[in-house]
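Have a look at the structure that comes next, please.
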Amino acid sequence: MTFLPSKKRLAHIVYESDDSASKNFDLILLALILLSVLVVILDSVQDIHQNYGTFLYWLEWFFTIVFSVEYLLRIWLSNDKPGYIFGFYGIVDLLAILPAFLSLILVQSQYLMVVRALRFLRILRILKLPEYLREASLLISALKSSRAKIQIFVGSVLTIVLVMGSVMYIIEGPENGYTSIPRAMYWAIVTLTTVGYGDISPNTDLGQFMASIIMLLGYAIIAVPTGIVTSELTHAKNKSEKSDRHQFKICHGCSLQKHSPDAIYCRKCGTKLESPE
Amino acid sequence: MTFLPSKKRLAHIVYESDDSASKNFDLILLALILLSVLVVILDSVQDIHQNYGTFLYWLEWFFTIVFSVEYLLRIWLSNDKPGYIFGFYGIVDLLAILPAFLSLILVQSQYLMVVRALRFLRILRILKLPEYLREASLLISALKSSRAKIQIFVGSVLTIVLVMGSVMYIIEGPENGYTSIPRAMYWAIVTLTTVGYGDISPNTDLGQFMASIIMLLGYAIIAVPTGIVTSELTHAKNKSEKSDRHQFKICHGCSLQKHSPDAIYCRKCGTKLESPE
Amino acid sequence: MTFLPSKKRLAHIVYESDDSASKNFDLILLALILLSVLVVILDSVQDIHQNYGTFLYWLEWFFTIVFSVEYLLRIWLSNDKPGYIFGFYGIVDLLAILPAFLSLILVQSQYLMVVRALRFLRILRILKLPEYLREASLLISALKSSRAKIQIFVGSVLTIVLVMGSVMYIIEGPENGYTSIPRAMYWAIVTLTTVGYGDISPNTDLGQFMASIIMLLGYAIIAVPTGIVTSELTHAKNKSEKSDRHQFKICHGCSLQKHSPDAIYCRKCGTKLESPE
Amino acid sequence: MTFLPSKKRLAHIVYESDDSASKNFDLILLALILLSVLVVILDSVQDIHQNYGTFLYWLEWFFTIVFSVEYLLRIWLSNDKPGYIFGFYGIVDLLAILPAFLSLILVQSQYLMVVRALRFLRILRILKLPEYLREASLLISALKSSRAKIQIFVGSVLTIVLVMGSVMYIIEGPENGYTSIPRAMYWAIVTLTTVGYGDISPNTDLGQFMASIIMLLGYAIIAVPTGIVTSELTHAKNKSEKSDRHQFKICHGCSLQKHSPDAIYCRKCGTKLESPE
């Protein structure tokens, strides 16, 4: 049929996002994903489930079928089939449709609802747009290059939580809600992160004194991850900017790339530099 | 009459703030705005409403009439009437007087009180002063240039909230206060942002373990927006300083702009530099 | 008498801290200040007050007399008497001794106890040591130079608090604890700053949705003051370091100070530079 | 016997981590440490203690004996015996085995459990790996070089806590839970650090107003430690990077050290530079 696009054109629409057809495909898909997530959320509210449960059930199946068609389409169109199926996006796409089919086989389907929420991960598709990719990779590389510092920080936090949890378990004891070291550690995390539910809180004088110390610690050490991320981001920004500024002047004599913006001659071989524009 | 200032002079007083008359106009207006906001706040306190309700009611009308006169004056004096009326400040000025007039027509006027609070936005007029404008625009441009990073951050936060909310809804269930996914998501936001009211808090062991993870996540990822804003501000500061330092010396021989502040001859072509003042 | 130091020597001991006698004076004074603060704190605990009340009362008078003698000594020794008396430290020193004397005259002396706590401000004397003075002035100048940005930030926070407080007062109403706009604003501050006591918390669905927005706002905008302070501190640090690095090479021909660290000849007049060491 | 490694080889396995045998030793030790910590934690949970108490008791002794052997081995193999025994790691290693032995002698052995938790500090051994050592020393030197600023910050926080605690004790009084100044100071710390348990919260209008101020203060001054740490880290990063980049090229003619990475001739005396590798 002449109405249908060729397989190559279809693959372009599905996998790229640089012309109007492929961009519309992405936008419609995104809207469907958001709607399907909304269905899962609304279905969990008692009132809505009782009144519109059947309607939401069929809507759920509608989205499942649409996403299944899309999933099969992506496998069919992909040049690197195993790369897609076992890659991050392939698994996310599968997780979005699997729970509905499993609910037909399994009886206790209520636990599949959690996995339905993983459908939200599909929104990460938006990150495939070039402008986001660059920013996200900047963030991730910033975090990666300070991995050792972050591990030390996490280790310190866990040590504080364990030691302070144990100490509070001894000081306050089960009669004040600190029924075990794990629970006391839960309290220590609630306190160190400055969440402070108040479901468990110290009642003895010594306990309140120890709690004050852990609070001040938590208040202070939040500066460490912030400092790490900020210094990495500032560094990455300066670096990317410097390379932006200097990359356009290339010596044709010796291929040296990074020239001072006002250089006229190559500082290495003396060849006259040409402007890139 | 000779007592009244000319329309041009009046427009200057109302719209500019560079001489004593126009500065006084701004200050008196600001005081009136603050007083009118105070009236709205005081009127909401039961004791004060019962004792001084009538007085506050007439005060409210006094401010409404003053602001209406000012609004009409601004329209009359503006060179670009639609620009003012449909601009940010025009709409804010209108919103400050509209509720009072609408309360005459509508019966359920209590809901108009919210809109009365929007009157506080008029204080933003202070930002029209040149020294604030520059700083605010620096902040806004810093936020704008890291828009993509912020969107990724907000997306991640919402994904964490949805997934963790759903998981906690399954783990804790309605018997522990997690009555629906939206409510569990509300809890996840309360926890991730380290607010921690304690109106809903996990009771099961697994729930407390999951809550600990979301708390530590919230404690850590606050570093990301901070890092973004800081690196942008540091960058903007460096940039504005560099341009401050170098902008004034331009070589008339080769048009090279960025000269060291104490340079006497152009470093590129040897022409003697002239001072801009 | 020959045992007593001269007035000049005494003034040195009291006002300076560069030899052992003056340093010991500062340390003993600091210990006395800390002990006097401890007395005030301990006296507030019921058990301790009942058992040791009389002892603490006389201890209180001991400190008051010591500090009074020190206060009079400082006035007598000062070269600029009004400068000391009406300066920051003079007022703090007076506030530390005044409440005790006033309690003899006034009947309701319990309210004077608050002012007794102001005695703790005397610890700021430690900041007079040169190493602290430099750091503190760096912090203060960093905050000062970003005053306009901080004012905008505080203005935004107050606007959010007022608008969100009013909105929540309408949505939740007095039946959920939001009894007036001021109380709703108190809740908004508790939430925006991520403190989250839970003494007032939203119960309606719409209220919880609005609360989620204000929480996320609070979580995000904390990045702004952090960014401002950090960028100012980084800037101040770079500046002070640069001036440290360059200050030692001075051209004897034209008195130009800031030379590149490896410069051999003055870039302005060609005189050969000499090393400062 | 030929099966046993020499003392020198054993010392290498125990103290270094640069070949497979010594790395495996470290990993097995780390696993044992983690397991022994887990035993302490699990033993504190009522259900587990009642069912598996005896098993955990013998497991505890197993770890104690293993760690005792390791401790004695380390002393025997060390070249600097007092340096190990009284150093940080020696004391931590001793604290990990001491409580079990003391429980044989002492009756009230339950208080020794806290000290058992100190065993977790042994995990810090992981920091002896070269890659962590470098990062940790960077963090510590960053904190050290801003010690004066941090002391000023801590001093300010304690002053705010004392003054605000005293003020709230007077305003709210014992009838609202502020039973003494120490307790009011505990509340002030809970509030300033934005933890906000809600076990004590202000009830009077004036108290809520003061609480709002302390919350906003806490929300704002968290920017100060963050700013300090960030500016130090950024500074340390720039410095270490600069020295990385420049350290390897030294001119043999004039001993100038900092050359641009691609420089071929010394920019000061024209001597040809030699590569360090």
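What to note about this one:
The letters A, B, C and D name the chains in turn, as written, and every chain counts its residues from 1.
Just so it is clear, a residue touches a chain if its C-beta (ideal position, glycine included) is under 8 Å from a C-beta of that chain, and two chains touch if they have at least 3 such contacts.
Labels paired with UniProt names: A, B, C, D = Ion transporter.
Small disclaimer: the values here were computed from a predicted structure and weren't measured.
Under half of the residue numbers found at the subunit A and subunit D interface occur in both copies, marking it as a different-residue contact. The interface formed by A-B recurs in C-D: of the pairs listed in B-D, C-D or A-C, only this one shares over half of its residue-numbered contact pairs with it.
The distance from the centre of subunit B to the centre of subunit D, with each centre set as the mean of the Cα atoms, comes to 40 Å.
Computed centre separation for the pair subunit B/subunit C is 28 angstrom, with centres defined by C-alpha atoms. Contact with two or more other chains is made by residues 182, 185, 194-198, 218, 222, 226, 228, 230, 234 of subunit A. The part of subunit D that touches subunit A in the complex is made up of residues 37, 40-41, 44-46, 110-111, 113-114, 116-118, 120-121, 123-124, 126-127, 131-132, 134-136, 138-139, 142, 157, 182-183, 185-186, 189-190, 192-199, 218, 222, 225-226, 228-230, 232-234, 237-238, 241, 262, 264. Interface residues of subunit A facing subunit D in the complex, by the touch rule stated above, are 148-149, 151-152, 155, 159, 162-163, 165-167, 169-170, 174, 179-182, 185, 191, 194-198, 201, 205, 208-209, 211-212, 215-216, 218-220, 222-224, 226-228, 230-231, 234-235, 256, 268. Residue ranges of subunit B in contact with subunit D, taken from their complex: 194-198, 226, 230.
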